[in-house]
Each structure stands twice: as C-alpha cells, then as structure tokens.
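Both complexes shown next keep chain A, but they swap its partner, so chain B is in the first and chain C is in the second.
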Partner chain A sequence: MTNSALALSASGGGTLRQHPLFVRYAPIATIVLALIVIWYIAAVLMNLSLVRDGFEREETPYTVSELIEGTMSAERPLLPAPHQVISAFVDSVFGYAPTAPRSLVYHSAVTLSATLLGFLLGALLGIGLALMIVHSRVLEKSLLPWIICSQMVPILALAPIFVVVLGAIGLQGLLPKSIISAYLCFFPITIGMVKGFTAPDPMQLDLMRTWSATPRQVLSKLRWPSAVPFLFASLKVAITISLIGAIVAELPTGAEAGIGARLLAGSYYGQTIQIWAALLAAAVLASGLIGLVDLTERGVARQMGTRS
Partner chain B sequence: MALGMPKALKLDDPDVTLPRDVRESFVASSELVGMNNTADARIESTASPQRLAVDVRDVSLTFETADGKVDALSNVSLQIADGEFVSFIGPSGCGKTTMLRVIADLQQPTSGTLLVNGMSAEQARLERRYGYVFQAPALFPWRTIEKNLKLPLEIMGFSDSEQKLRAARYLALVNLTGFERKFPWQLSGGMQQRVSIARALSFDPALLLMDEPFGALDEIVRDHLNEQLLQLWDKTGKTVLFVTHSIPEAVFLSTKIVVMSPRPGRIIDIIDCNFPRDRTLEIRETPEFLKIAQRVRVGLRAGHSYDE
Partner chain C sequence: MGFILAAAAMLLALVLPLSGEIVPGLQARPSLLVLTLAAALLFAVAGWAGGMWATSLGAAGVLCAAATTLALLRDTNINGSASVGFWTIVLAAWLGAILCVVALASMRPRHDTSRRTLNLAIPLLFGAVVFYLWEVLVRGFGVPSVILPAPSAAAVRFASSLPTLGEDFVQTFIRGVLIGYAIGCGAGLLVAIVAQRYAFLGRGLLPLGNFFSALPLVGVAPIMVMWFGFDWPSKAAVVALVTFFPMLVNTLAGLSAAGHMERDLMRSYGADHRQTLTKLYLPAALPFIFNALKINATLALIGAIVAEFFGTPTQGIGFRISTEAGRMAIDMVWAEIALAAIAGMAFYGLVALAERATTFWHPSYRT
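Moving on to the complex of A and B:
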C-alpha cells in the first residue's frame, strides 16, 4: 500500500522537481546564477566612479539609470560585466578565421600544443622518477629532497632563465614553453605514482615472490596496475598545472601568440575585456582537458573491472 | 642418504615386502635422481621409506623489534613425508605462520637447516615447488577470475593454450566453472578463497602451503570447503601444510597435527591422526575424533600454562 502511495505522489505533483535533468543540474544552475548576480553587483560598484568621472569630465548631466548602464558598457572597465566578457569571447572565437591573430581559437591552439607536449614530457619524467624512487632507497633519499625543492622556487622567476638558457642552445618556440610546463606538472605525478607503485598489498607482493617473479614482472603485473587509480588522480592535477605552466611561460618570453600573450597584450593596453575573454578561454580549455582525462579514466576503469 | 643407514635393502629383493605405494614412490624418486645413480637413490629410500617433503632441523628465528628480541621460532624440528596433510595449530603468536613463511622462503631462519623437496628453501621457491594460500584470497582485483588463475602461469611462461587449459581444469576442480569472466568483487568470500586455492594448484606444485585459508569464513562455508579440500588432497596426492586456529578443522583434515605454543614459538606435541581418506564431516561425532581433539586441547593448554 505504501508502495502505491509513493508511486502516486511521484506521478502526481512535483514532476518537474523529480525530473532527472532538474535533479542533476538545478544545484549547479543555482550557484552559477548567484555568481552572475554577485558579478553584476560588483561590476556596478567597481566601475561606478570611473563612469561618473567620465560624465563629469565631459560635463554632461546624467541620471542614475544612465550611470548604471554606463558601468555595464564601458570600453575599459575595471571589472567587465558578464555579458561583455561573453560577447567578446564569442566574438573572438567565432568572429575571425581560426588562423587570424585576433582569434582566440588560434591563441588557444598555440597554448594547447605547448600544454600537451609539456604534459607528455612531465608525465614521462614524473613516472620515471617515481620508478627510480620506488626501486632504490638511495635514489629515494637523494632525489626526493631535490624534487620537493624544485617546486619551491617560483616559476615566474625561473621561466625567463629557462627561456634564456634554452634560447642560448638554440631551442625556441614550442619547446621552452613545454619544458616550463613539464617542470611544473611532473611533481604531482611523481608523488602520486610513488604512492601508487607502493600500493600493492604485502600479500600480493609475497605471492609474486612465491612464484619467483622477476622485478620486471612484479612491475608490469602488480605495481603498474595497482598504481592506475593514483595515476589518473595525479594526471588530472597535472594537466591543469601544465596549462598554467604553458600560459606562465608565455608571459616573460614575449610570445606573440598564445593565451598568455593575449593576457599580456590586454594588460599593456588596459583591455580588461580581452583579458577576461582570454581567461574564459583558459578555463574552457582546462575543463576540456580534465574532461578528456576523466573520460580516459572511465574507459580504463571499465577495462579493469572497477566496481561502479 | 646422509643418515648413514645400511644399504641392505634392494628394491628387487623378493624377501623385502614393501607396501605398494612406497614401492611406487621409490621408483618415482629413482627416476628423479636419474637411474645412473641407483646406489644413492637406494640409500635415500632406505633411510626413510617415503621421501621427505619438508625436513626442518633445529630451526630458530628471532625478530628484532623496537621492544627487543622476539623468538618467533625456537629450535623447531619436524619431518613431513610426501603426501601428508599436516596441520599446525596453536594460539596467536606461536610461530605457526612464521613456520610456513620460513618453509616458503618468505622469511629466513636465524639458525638451523631446512630442506624442501630435498633442496634449500630458496631453491625450492626459485623452482616453484610449492603453492601458497594466504588468509585472504589476495586476488588481483583488475583481473577476471580466469586471468587471476593464469597469473602464475603467465609469470612462469606457460604457453597460451596451456594456460587456458589449466585455468579451465583448476576452476572445475574447485567447482567454479562458469565464473571465468567475473571479477573478484562479484564473488563471495568463500568462492574467492577457492579461486586462490585453484591458483596455487594451477602450476601443479607438489607442496601446498595454506595459512589459515578459511579463517575469515563462516562455519558453514568452512565445513563445506574443508570437505572439498580433503577431496582435492585425495585426488591430487599433494603434501599439504595447513595453519589453523580451529581444533575440529585440524583433526578433521590432518594425517598429522603439530601443536605449537608461543614465546618462544616451539612444537609441544605431534599427533598422528589417521582417519580414512574418504572421511566425511560425520566422523566429528565419533569417539576417536573426540579423543584426538581432546589431546590437541590438552597440548594447547599445557603450552599456555607453561607460558604463564
């Protein structure tokens, strides 16, 4: 009886509230909406004096509504309103040919290539270091402090040095950026994979010993598969860091293309809207990259029979 | 051969009447040695009518811990013939698991000599002469049941077709045909432990070391598995060394019960226990069974009072 009563109420009132799409997206939509409202209020408050000064300089009379309207349509506002950012973003993504220097697609592609190459190098380096650390106590003691030290130096200070040194030996363009990106992103992978490679149960390791498995077999059949969940967790961290690394690497190198170059140009000329549009592009890129890692992880997990 | 027995016996001597199975095992062992060295083989066989699967002499093992030294094993001597089913019973910390680990070369004794299948424990491990079953199934969660069974075979370099054949044969032996493609988490605890037994048998070692394999299972499943294990032992003719906490389990399964006591770990009684090979659970109600169980219990109690 209770069952049928439940079924009735489900099919009766509140159909919208129980719709799976609603259940899934309502909380996210609420947060986004709240953020947009806060953003508009902040834009009005921050740009208010700027717009007022403008009116007063030109000695034209103004009303409150004109003032508020002005804060949302200024050409170089302190904080652009969301619709300005979005229209600039849409304009620079779809308004130009993908190869045009004003196209965000072009700049994103430049940064993306450095990010992906840096991520690949960083992942290889990170996994390689983890393997060395796991297999040798001496290496663990000698390498680990340096690895940790490497992350304590601010990358903004290091990046120009990297670029100059690499430029001196004839490396320019994509590679220096990728190396800076790799330098940032190998760290979470090393830490994660050291944990992952040592994750197997002592019993599983003992079993391998009773079968007198070679170290290589222990690695490929036990340590490596045990480390896979740790691998994906650290890859997700690493791929966002490598994007940040690639963008940061574009700042001091005087790069002409890339999201970093776009940010730099925007700040030179006070084009705040352009800066925000570039930031939005970086965010879109980052979520795309994480989504890609996530998708790969799901595929691998299905292969490995992970309980879902 | 080192025991200095006279070489009086000759296999083909009509006056000597050896039991049939001993005669067979003799032939088998001479074949193993190689017929060109019949004299040696003869001496060995006269020294002990059955070949020793495990020969432990004066073995001691001391652990260095933060609280000082712990004598896990103290001057333990034990001879186990081929084809026996030997149970080790005793309270926690009496060294029964350590004993098994020493035989498996997962730990090295501090002193004493140890022969497994007539060779050193390390050599026996390197030649994969034993299968080990732990307290937990220790299956590899990312492998299907079939692939778990194939794991030791892969490591030992069996051909693909042989791997498939053996996986099917040993899954059938533990009544799990049809579960090949399942992942471990899809099986109950008892089924998982059966898989781990099949895995230990899959490369056909003569010796099976089992460390409380049914300790984590409930009484009903345990009884059932005990019967299955007994049939398996009868069918395969392997030597089994079996660590347990349970007196009925030890008496029901064994041809020999080794009662151990803790601090320092030592053997206080070895009880022969010769129920017919095709025994069923009903024998647990017979007076003979209860008598042996009583003797085990007395031994365990004596070990404890000595300790306190």
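Moving on to the complex of A and C:
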C-alpha cells in the first residue's frame, strides 16, 4: 500500500499539507480540475470538425488559434465548453424574470414542486406500508415480496400510461408527475423503515412488555426513535429518486414546463448548451435537496440528544 | 366464522340479481349452479372443520367461486353491468382467499423445505388474488380499456404479438442494456481497483462518485442520442454512464472491507499487490460488488427505456410504449410493461443467483 498523503507531507514538509481540510479537499479539487481540463480538451477535439467545416464552407482562411477559439464558442457544439454551460446557466437563471418561460428558475420550480409533492406522498406511503408490515405477519409474508418485485420492474416505463390514464380521468399537470415520483421513491423508505422499526433488540422489547406497554406506546417510545436514523438514510435516497422521477415523467408527456421539458426541447432543436444548462440545474437541485434533508437530520439528531 | 359468512354470501347470490339488465339467474344455468352450491358447501364445511382442513377446503371453495364469476363475465349482459348478486360472489371469493392467506401466514412449519414452499406460496396466492380482483373489477364495472385493460386482455395481446415483443426485447435488452451494463460495471470496477491502489485518487473519487450517483444522470440521454445516433450505441452509453458510479462507490467501499488482521496476514506471507487483490480484497468486496450489480440491474433497464424516449429506430420497449400510448392501444403498452417486468425480474434473479453461488460464505447467507 502506498500512502501518497504520507509521501506528499514528506516531500513538502509544510504544516499546511497535513491540515485536515487540505487532506480532505485536495484530492477532490485535483480530480475536479483534471475533469475540467479533460472536458476542455474533449470539447476542442469533438467540435473541431464542426468548426473546420464551417470555415471551409465560408472559404475563409483560418489559423489554428482561430479554430480552437471557434470550438470554444460554437453556437451548437457537440460538446459545449464548461464556461459556455456556466454562462448559459447563469444567463437563464438571472437573465430573465423568475416567471418567464425562458428562465431556468421557472422550470426548476415546476419540477421541484412535482418532486416535493411526490416525495411527500412517497414518504407517507412508505412509512405507512412499513408500519403495516411491521405489525402484521400476514402482510409481511404476502406484501413484502411484491414490494421488492415491484422494484425490479422498470417503473419509469409506466410513466406515459400514468399520464394517459390520469389525463383520461381529468387529472393533469402536477399530480401525474408526483404520483410517478411517489411510486419510485416509496420503496427505499419502506425497506429502510421496516429495518428501522425492527431495529430494537428483543431485550428492549421485553422491557417494554414488562412495563405492559400497549403496541402504540411501543411504537412511539421505542420503535419510532430507533427508526429515525434509518428514516433519514432512506429519505436521502428517496429524494434523489423522486427528482429523477419528476424529470423523466415530463419527457413522454409533452409537458411544456420543467427541467425534463427543457431537455426534450433542447434535444429536438439541437440546442446542446440548453441541455447542459438544464442538466446543471438538475444537479444543483439534487444537491440542494440532499443538503436540506441532511440539515433536517442534524437538527432532529440534536433535538433527540444524539451526540455526533 | 369467516368461511361461514362466505358460504352465506354464496347462497345469497342465488336470489340476488346478477346484472343491471335482465338476465337469467344462477338457477337457469345448471353448471354454474352446481359450482356455486359446491363453493357454498366447501366454505360451510371449511368453517365447521377448522385447522389445516379448513384452509384446503376453503381454497377449493375460492376456486369454485372465482370460476363462477369468470364464467358469468362471458355473458355480455353481465360484462360491464354486473350488480349485487355478482359482487356478492366476488366478495365471498375474496373473503375466502384472505382467510386462506392469513391461515397460511400463521403456520410455522418445522421442515426447511416446507417453510420455503410456504414463503413462496403466500405471495403467489396474494398476487393471484390481486390479479383476479383486477380482472373482475375491470370487466364487471366495464372500465374502458383505454384507462385500464383487464390483465387477460394484456395477456392475449402479449401472446398474439410475440414477434414484435421479441424484436423490442433484443433491441432494448440484449443490445442496449446488456452491453451498456457490462461496460459501465466493468469500468466502475477497474477504476475502483486503481483508485484503491492510489489512496489520493480514492479520496478524491469517493465523494465525487457519491455526488454523481445522486444526480439525475438519465438526463444525459438526449446528449448521448446526439453523439451516438438513434440506434443502440446511444442507449448503451446512457446505461454505461448510469451504472458506472454506483459500481465505483460500492466497490471502493468493498475494497476497504478487508480487515487489518487479514491484510497483515497477507503481508506476512509476502504477497505482492496483485496477489493481495485477487486473494483478499476482491473476495472481501464481492458482497458490495453484487449489491451494485443488483442496483444497476434496475437502473440499466430504466436508463435504456428512458433513452428511447429521445429517439430510436422503430423498435425497442421504450419506443413502443410511447407510440402505443399515443395511439391509445393501452393493452399493447401493458404487454410491453409485462415484458419489461419479466426481463427486469429475470435479470435481477440471475444476478442474485450468481451472488448466492459466489458469496455463500457471507454471514447473511449462513443462517
């Protein structure tokens, strides 16, 4: 085993290199930098023929530096350079009013609302199912295998049908998307909560019995607190899945607003930069949502008196 | 007690009207009358007998009652406008089935094989009940097939369009999913092994991998379609990208699962890195790797189907689903979903079997 951190500190010898922040973030920063460099090189290589064709069509003489500059600023590049994506992202976030249909804030808000509603429904469904499964042996034996099976089915394939069916009943807009999100994200919550509710060991359950606690008291005083760490672990998984569900649900439905609609429109009109900007918005949303769950987890942990 | 109720419901159905329209009652259909009376008798005896006998007699009664309702639905005057009498039989069948499931679930057989059969039989029975209710409710109430087709209609469609389904399966699953899955998982595994060798790289890749595997990566589908064209390479590319990060993260976690004692032992044997890797790190990481393979099995299928929404040649599961949904041929859509579900479960099952075969030593399998 080579330990490169050790090697680094030996060669550099500075105290800065042993600083915990440095040890933690230097590798990440290095790899991110390397990725960006690779991205730039790839952008040049992939857009090269495109730009060269452009110059040759106009029969203008060109130099190598002009060529490379062209690959960095093409209007519909195969792979936009990072700064193009960032500027398009910043432009469409801050450049328009939040309610304008060209604003990414607007599209993100549409997707976010479907995500959150779906997440809420999925969390309620997941916890409810877990409660039922924990308290009924019949359901554990008969329902749990089907819940597990349901996850091997590519549920996103159901998305178009859901939208068609719900549209036929008269439901449109937010709810079909949220239902798809909820369907996708209830599973990790159910599995995690079943694990959490059964986490107390038999000694503790026996203790509750010696106190002649009712099932409800066992639930609120013992099972529920012991399930909280499992709850947050599964919520973190569920909220990203919920976002994916909301985005994908916008694809086949011909939605006019939302990150998924933005992706679809971009792919129809060959607006690569727009696709990348929408992807960036999705990434920002995803990390924001996970951060939010993380914060809540810390707050709840402090409330419950856990030392972290 | 419940079985007695079911028997009473069966007898009640003899006098209640079967349909909103005027149709001959059960008395006028001799074979169905026999079936109904048999079901009522079986339920009654089951309620009286109790124990193991009750369950098997009750199950037989449920079969009779279910057969009666399905036979009644062939009458066009009942199909779509069923009324109280019909629903009483359905209720009786449902009640009997629930009682059977409950009785089976409370059994605690001593033998290992019978416990395994029971663990398989209960969910199967439960699923059969759900499918039966779906079929009967859809046909009894006459739900338009645009909204929800009966499972039998989807099954008929499945059987009648096998060639199309076969083509879609080859296009989406064999070409898109399997190739992308192999590339993505293989690349994830290799990068993880390299990252484990160089700790600096590992410390950088792990948080990034975690971050990327939380992103909605299926969104890159339109870009991949642009780069690799409409045919399967773009689907394989999406699948490879989607499966890469879970594999990377899990393998990295697994490679550090080997304990200090074992590492020291390998060192005291004078094993070089390659030997340590193949003899210690990789076997210790196998449960983690299989975990990733299982997660990826579902992710891969989803990725391929979603990528097809952005443009395909005129075949593939995702393509067929979106076009048939547009044409309101919902039974075909359900047939495709059944295909995708069977493929997904078989894929997952194969991975799980391979896991059983290779990680039999892991504590979770040694009960």
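Here is the rule we use: the second predicted complex is superposed on the first by the 278 of 308 C-alpha atoms of A that agree within 3 Å, B and C clash if a C-alpha of one lies under 4 Å from a C-alpha of the other, contacts with A are read in each partner's own complex, and residues count from 1 in each chain.
Rule of thumb we're sticking to: contacts are C-beta pairs under 8 Å (C-beta built on N, C-alpha and C of every residue); 3 or more make two chains touch, one makes a residue touch a chain.
Owing to the predicted nature of the structure, the values given are computational and were not obtained by experimental measurement.
Once chain A of one complex is fitted onto chain A of the other, the partner contacts of A:31 are limited to chain C, with no touch recorded for chain B. Once the two complexes are laid over each other on the shared chain, residue contacts for A:287 go to chain C alone; chain B is not touched. In the superposition on chain A, A:257 makes contact with neither chain B nor chain C.
More residues of chain A are touched by C (comparison of chain B with chain C). Of the two partner chains, chain C is the only one touched by A:78; chain B is not. Look at A:146: by the touch rule set out above, it reaches chain C but stays clear of chain B. In the superposition on chain A, A:156 makes contact with chain C only, while chain B stays out of contact range. Chain A makes touch with chain B in their complex at residues 201, 203-204, 206-213, 217, 221-222, 225, 228, 304-307.
Chain B meets chain A in the complex at residues 104, 106, 125-128, 130-132, 134-136, 138, 140-144, 151-152, 154-156, 183, 185, 203. Put simply, chain A touches chain C in their complex at residues 1-5, 8, 23-24, 26-32, 78, 137-138, 140-146, 149, 151-158, 160-161, 164-165, 168-169, 240, 243-244, 247-248, 251-252, 259-260, 263-264, 266-267, 270, 272, 275-276, 278-279, 282-283, 286-287, 290. Residues 101-102, 104-106, 119, 122-123, 125-127, 130, 146-148, 197-205, 207-208, 211, 214-216, 218-223, 225-227, 297-298, 301-302, 305-306, 309-311, 317-318, 321-322, 325, 328, 330, 333-334, 336-337, 340-341, 344-345, 347-348 of chain C are the ones that touch chain A when the two sit in their complex.
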